[in-house]
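Below: the structure, in structure tokens.
Note that the chains are named A, B, C and D in the order they appear, and that numbering of residues resets to 1 at the start of each chain.
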Amino acid sequence: MPGAKKSSKLWDKGFETSQQVIDYTVGNDHILDRKLVKYDCLASIAHARMLASIDLLTNDEVNQLDTELRVIMAMDERGEFIIAREQEDCHTAIENHLTERLGDVGKKIHTARSRNDQVLTAMRLYCKAELGNIDELARLLIDTLESFKAKYKKVPLPGYTHTRKAMPSSVALWSGAFIDSMQDNLSGLASVRDLIDQSPLGTGAGYGIPLPLNRKMTAKELGFARVQENPIYSQISRGKFEAAILHQLSQIMFDLNRMATDLIMFSMPEFGFFKLPKEFCTGSSIMPQKHNPDVFELMRGKYHQLVSYEFQLKNAMANLISGYHRDVQLTKEPVMNGFDITITSLEMCDLVMQKLDVDTKRCQEAMTSELYATQRAYELVQQGMPFRDAYRQIAKEFSGPQ
Amino acid sequence: MPGAKKSSKLWDKGFETSQQVIDYTVGNDHILDRKLVKYDCLASIAHARMLASIDLLTNDEVNQLDTELRVIMAMDERGEFIIAREQEDCHTAIENHLTERLGDVGKKIHTARSRNDQVLTAMRLYCKAELGNIDELARLLIDTLESFKAKYKKVPLPGYTHTRKAMPSSVALWSGAFIDSMQDNLSGLASVRDLIDQSPLGTGAGYGIPLPLNRKMTAKELGFARVQENPIYSQISRGKFEAAILHQLSQIMFDLNRMATDLIMFSMPEFGFFKLPKEFCTGSSIMPQKHNPDVFELMRGKYHQLVSYEFQLKNAMANLISGYHRDVQLTKEPVMNGFDITITSLEMCDLVMQKLDVDTKRCQEAMTSELYATQRAYELVQQGMPFRDAYRQIAKEFSGPQ
Amino acid sequence: MPGAKKSSKLWDKGFETSQQVIDYTVGNDHILDRKLVKYDCLASIAHARMLASIDLLTNDEVNQLDTELRVIMAMDERGEFIIAREQEDCHTAIENHLTERLGDVGKKIHTARSRNDQVLTAMRLYCKAELGNIDELARLLIDTLESFKAKYKKVPLPGYTHTRKAMPSSVALWSGAFIDSMQDNLSGLASVRDLIDQSPLGTGAGYGIPLPLNRKMTAKELGFARVQENPIYSQISRGKFEAAILHQLSQIMFDLNRMATDLIMFSMPEFGFFKLPKEFCTGSSIMPQKHNPDVFELMRGKYHQLVSYEFQLKNAMANLISGYHRDVQLTKEPVMNGFDITITSLEMCDLVMQKLDVDTKRCQEAMTSELYATQRAYELVQQGMPFRDAYRQIAKEFSGPQ
Amino acid sequence: MPGAKKSSKLWDKGFETSQQVIDYTVGNDHILDRKLVKYDCLASIAHARMLASIDLLTNDEVNQLDTELRVIMAMDERGEFIIAREQEDCHTAIENHLTERLGDVGKKIHTARSRNDQVLTAMRLYCKAELGNIDELARLLIDTLESFKAKYKKVPLPGYTHTRKAMPSSVALWSGAFIDSMQDNLSGLASVRDLIDQSPLGTGAGYGIPLPLNRKMTAKELGFARVQENPIYSQISRGKFEAAILHQLSQIMFDLNRMATDLIMFSMPEFGFFKLPKEFCTGSSIMPQKHNPDVFELMRGKYHQLVSYEFQLKNAMANLISGYHRDVQLTKEPVMNGFDITITSLEMCDLVMQKLDVDTKRCQEAMTSELYATQRAYELVQQGMPFRDAYRQIAKEFSGPQ
């Protein structure tokens, strides 16, 4: 059917758009959007109910839409709801499905809505859910770190500054630092969840909808804490909110990057403080002896992926006038990838920290005399010597070759 | 005096460090640190009092230190406290000053403290103060925008999407978007202020101090909400907290970038919606007719400075093991510059928005028919036509040459 | 078969690696590596021949390997060579295929080679090929721009500075700027192609191979200009060379970003200088009148994707000691995506510039008097008035409201 | 004199610009521009001569200007040519000086020139000179590394992959890698020097000058390889060329970052391969025993400053239409700072590599058996065993605890 491709787009006006243009503009939205099908359906159900409440749909129409949208959600859960490339995105695929099944009723679902506020709403719901998952994983990691800390609470570790032995530390102090930092990350997560917890549904293309919508009703039904009243704000918050999310994720990944860097170095046989179980190590294609900490190296490296995604959002949305631009489409992938990176890395970190061994003997052997130089200076201080003089006296002992 | 230079460093051990090394490592700390003198003095006063409370200083010594530190603060306020390049930083300059004036008592101020926790404490106090300033300026801007919104509340504006006329908007809607966004920025600011509101004083070089310090006492005296207990966390939060601050500033500057971009475009004579008073315009060295919106262009451009500072911090601190590294020194300048950029830009934005004119006539003339196409489709919807059919009917009218 | 999964990895040592670890570490290499199958086969053929030349393979073994590798290349061209997730990457899939078909002969192909130099070699060959494609596309675009320039050579355009009318310009001057810039981009491309045109094959895991390899032979066979002699350099050039490539691509995309920004603005009906044919425009889901320049918006936005990829490489590889790290695996995707972005954007730009219309009448109408103010000042200069005085005299005429 | 401030700006039109606007817009140009005084004078001399050649100045006028511009250059060399904040930049300060000394003749120097092409020309000359300095320093470092390599040519080093001992390496191999990489950096530097070696003088504000200038004459006199013919290209190359420069500097700094990271780790007492002379170490304010490698840590950290400057340029100039914008002013500081970072770091690296010690004994002791596992597998290969089988046989020996 020649008209098939044409009629599948929400903005079809009856003339052909160049296929190359379509390929270039659609990109991989039809793949990314698999994550949004559920949320777009939920938003459509809420929207339909609200339309009925202001007499733009009949109750019967709402019921038909509700039923069919739940069919789509069920198909999606089984991996059976397909978004064809020529449909561009999940919103079109869903509207097409509804129209195919319900005829004119399906055509009415887009009433009082723009794809702009649809995408925004689905993305917000998706982001809220993923932030919740990350919150949970971060709490699990805290628990795991607490167990690790308790298990090895008596094991000393050298504390390093400038990558040089500095003062006595301990496994408890080390793991405790990441516990405290992750606790603060939870506050950051809560703060960004609060920020995005406002419903953009009903803002249309960014300038409102000339109909008496009940935006509070849809916001409440979808579990949003409040309505994002100003439609221009809804638009200029795109990219900005996503960047705020990625920033908070980067704070978490920063800690994992740091932890991974510590573990890579201090599990070197030359130090031997930590031991990564063999089932977490990978080998070399050429060197038979190798047990490599790839898991930690990727945890370290993925931080940089995340940061570059944040940076992309922050720059791509700048120097543009208010109002939607297609460039905004490119904000989806960074935020989705950012969630994936953070979730899989938190899971991996949790798993590894459950199994990580500490070699108490190697740790104790590493507690050499220079770690106690400061302590000895303080003993002189407690005997009444000014600190600077005590410092210089002890320093003399260490003034040999570095 | 040949010994003068040597004895000025806190870590002097009696042998010469290469002058080139000193030049390379000191950088411009002695200039940046002017902003920290006040805060380092306040922290030193609190620290001295605490030392007395645990009998490491006598009351008389504390009084001497207190008096002299207030002398330094007064000198600093008059711009008379100089940090010499060879002193490296404010902490050394202050300790040197105290030792010169008070002899052995001055040498005792560094007891139970490392330069690491000194820098951290001074930076935290400084950052808290600057975040307070920014909060205040953001609130002033909100007030100014409210007045602007009220003044032009009846003026329509075309709303654009894809840089094309889309739907009717208004000056009130436009300015309201930035008000709402700035309100949310205030929450973000509060959240990051909470994050950093923990006292690192007493964490030493990152592994604690082997003395029975009363860290709650100094935290309280300095107005911190809580103690940052774990000393390793104090260290690994460096760069991370600064990045969190710069992220929040970038959210503010993002809005100014957007606002500036709107104003540059819509004050073009070709649009003429906004008029920038001549005293805010600059000219061209060659073109006599020019009145250029440099103020907005710099507001737009400075966003990118800020973002690059944030990303510098996020990357410079990565892939490093826990514990202080000298690389951390490089985190001072980005955060200080970030505050300057945001403060001056908020002030400038506030000033300009007080004076900005709106040309009501030009705005009204711009409200052309295509802006109402969606509204007309909705009129058909309200008469019972499915939205997609109404859309296609109206679309036909606009299917001529773009 | 329980052993199946284990035996598929090049570094299998007979114990199980955690499935979650495998999932986390493999990532999407098995998908990305589809682009490398051809190049890994070519490198393997060259490598096998060289092994025969130093008597580590017999001629018969080389012939078997050559034949079977060409089978793989043919399968790959038909899209039939599959890399299973559990095989990790193309190198393993190819070696597994050879071993399955050729038994012990297949096992010998990895002689004197590490996966490290295999990946490096395949990536270099792939990058050289893609740089060649981009060179070709850039030259096509130059041709198209030359035609455009010739076609509209008499059409004037206002020249803008500070987004304000400044001085007379023309379509020819505008398009000529991008031609000249693209010419310089070609030099940049050539320079980075020269940089990477050195064969890493034979550097093993980064410390050479303890066998008398003939590296010049493989380099020549694969078309490399020279051998990258130092194996440590081969490793530390990873990420660095890729960043150099992405930088050059960013120079190209910068020009497309600029061109797109010009075209988005000056094809607004308010200006109307350029007209984008309707088949290149996309519509709105809600606003029936819209013809949106999505193609240009994505061209603009994709620049930021590219820059963030460059940035990711530059940061992920920093602060690491010499020698391979698994983090390096993450450099593949940015560079592959960077090529895709640049290739599709150059193609799109070329296509659009072939069809772009110029509205001569609108251009002429836009040539208003202020554009000639400088020229008039120069007329006074030619009559003997110092430039500054002439400037001030003309400026008076334009000192009314902005 | 009330008129003093007003008359000092090149674009003064007789009304006051808000002081706050001036402060915000001038920024620190008056400080940065100290580096450009010499180059602006040279360009002005060439420009004046050219103006005489087309009869816009008399020979006498040129002589007066030439003499006075050389006076300024001499003052500048003595540090006596001051750019006042209210003069905005060096171009204004120089023109004001000329006008003050030469009256009407001074006013004529701006004939046929815009501040835009003045800044561009001065920056290009400055950048060419700094690129020359860096080329020289890079060559010096290569020489130093060659001496280092020769001095320690027999010393073995463990080669690491995944931060784990992998295969035998050597000091010669290690230093050779950086020599080869720096050699390739020289080609990159030459390539970017070629790119920018085109004269923008005569392009005015970006749309040419309506006078019959002889641009080849000024280009030749200033030592440019060619004329940048298209004035729009001159403008759109701003930021782009600077980014190209910073990219090449980042390639150099990337190597220094890597070298520094190696040296920080392998000069740890735990490894002890390298020894940094005490005069290059700095101490701790609290820990008497410390000798810290701050020099290397800053070399490592400064890479990130540079990269962030590059990305600032790449983003600040994006999403803008063609033609000058004031945002462009912000490109000066990143490129100037980038040169400073690279120059001081190359000097420091050269100095340190001259003095760095290698501890042969510690290096030899580190050559443990696992480094030879691959070699032993190859011995089995040379006896006829397929590589994969040999690999597995050797692997068994190392399958104990990691």
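As a working rule, a residue touches a chain if its C-beta (ideal position, glycine included) is under 8 Å from a C-beta of that chain, and two chains touch if they have at least 3 such contacts.
Since the model is a prediction, treat every value here as computed from it, not as a measurement.
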Pair with more cross-chain C-beta pairs in contact, given B-D and B-C: B-D
Relative to subunit A, chain with the most remote C-alpha centre: D
Whole-Å gap separating subunit A and subunit B, where each centre is the average of the chain's CA atoms: 25
Centre-to-centre distance between subunit D and subunit B (centres being mean Cα positions), rounded to whole Å: 27
Length of the line joining the C-alpha centres of subunit B and subunit C, rounded to whole Å: 36
Subunit D, residues touching no fewer than two other chains: 12-13, 15, 110, 116, 161-163, 166-167, 204-205, 265, 278, 281, 283-284, 286-288, 290, 292, 294, 297, 300, 304, 307, 311, 315, 318-320, 325-326, 374, 392, 395
Subunit A contact footprint on subunit B (complex, rising order): 12-15, 56, 99, 104, 107-108, 110-112, 116, 159-163, 166-169, 173-174, 176-178, 180-181, 184, 187-188, 191, 194-195, 204-211, 228-233, 236-237, 240, 243-244, 247, 250-251, 254-255, 257-258, 261-262, 265-266, 300, 303-304, 307, 311, 314-315, 317-326, 374-375, 378, 381-382, 386-389, 392, 395-396, 399
Touch list for subunit A against partner subunit C, complex: 9-13, 15-18, 20-21, 23-25, 27, 91, 110, 113-116, 204-205, 278-288, 290, 292, 294-295, 297-298, 300-302, 304-305, 307-309, 311-312, 315-316, 325-327, 329-330, 334, 344-345, 347-348, 351
Footprint of subunit C on subunit B - complex, ascending: 161-167, 264-265, 267-271, 275-276, 278, 281, 283-284, 286-294, 297, 311, 315, 318-320, 370, 373-374, 377, 391-395, 397-398, 401-402
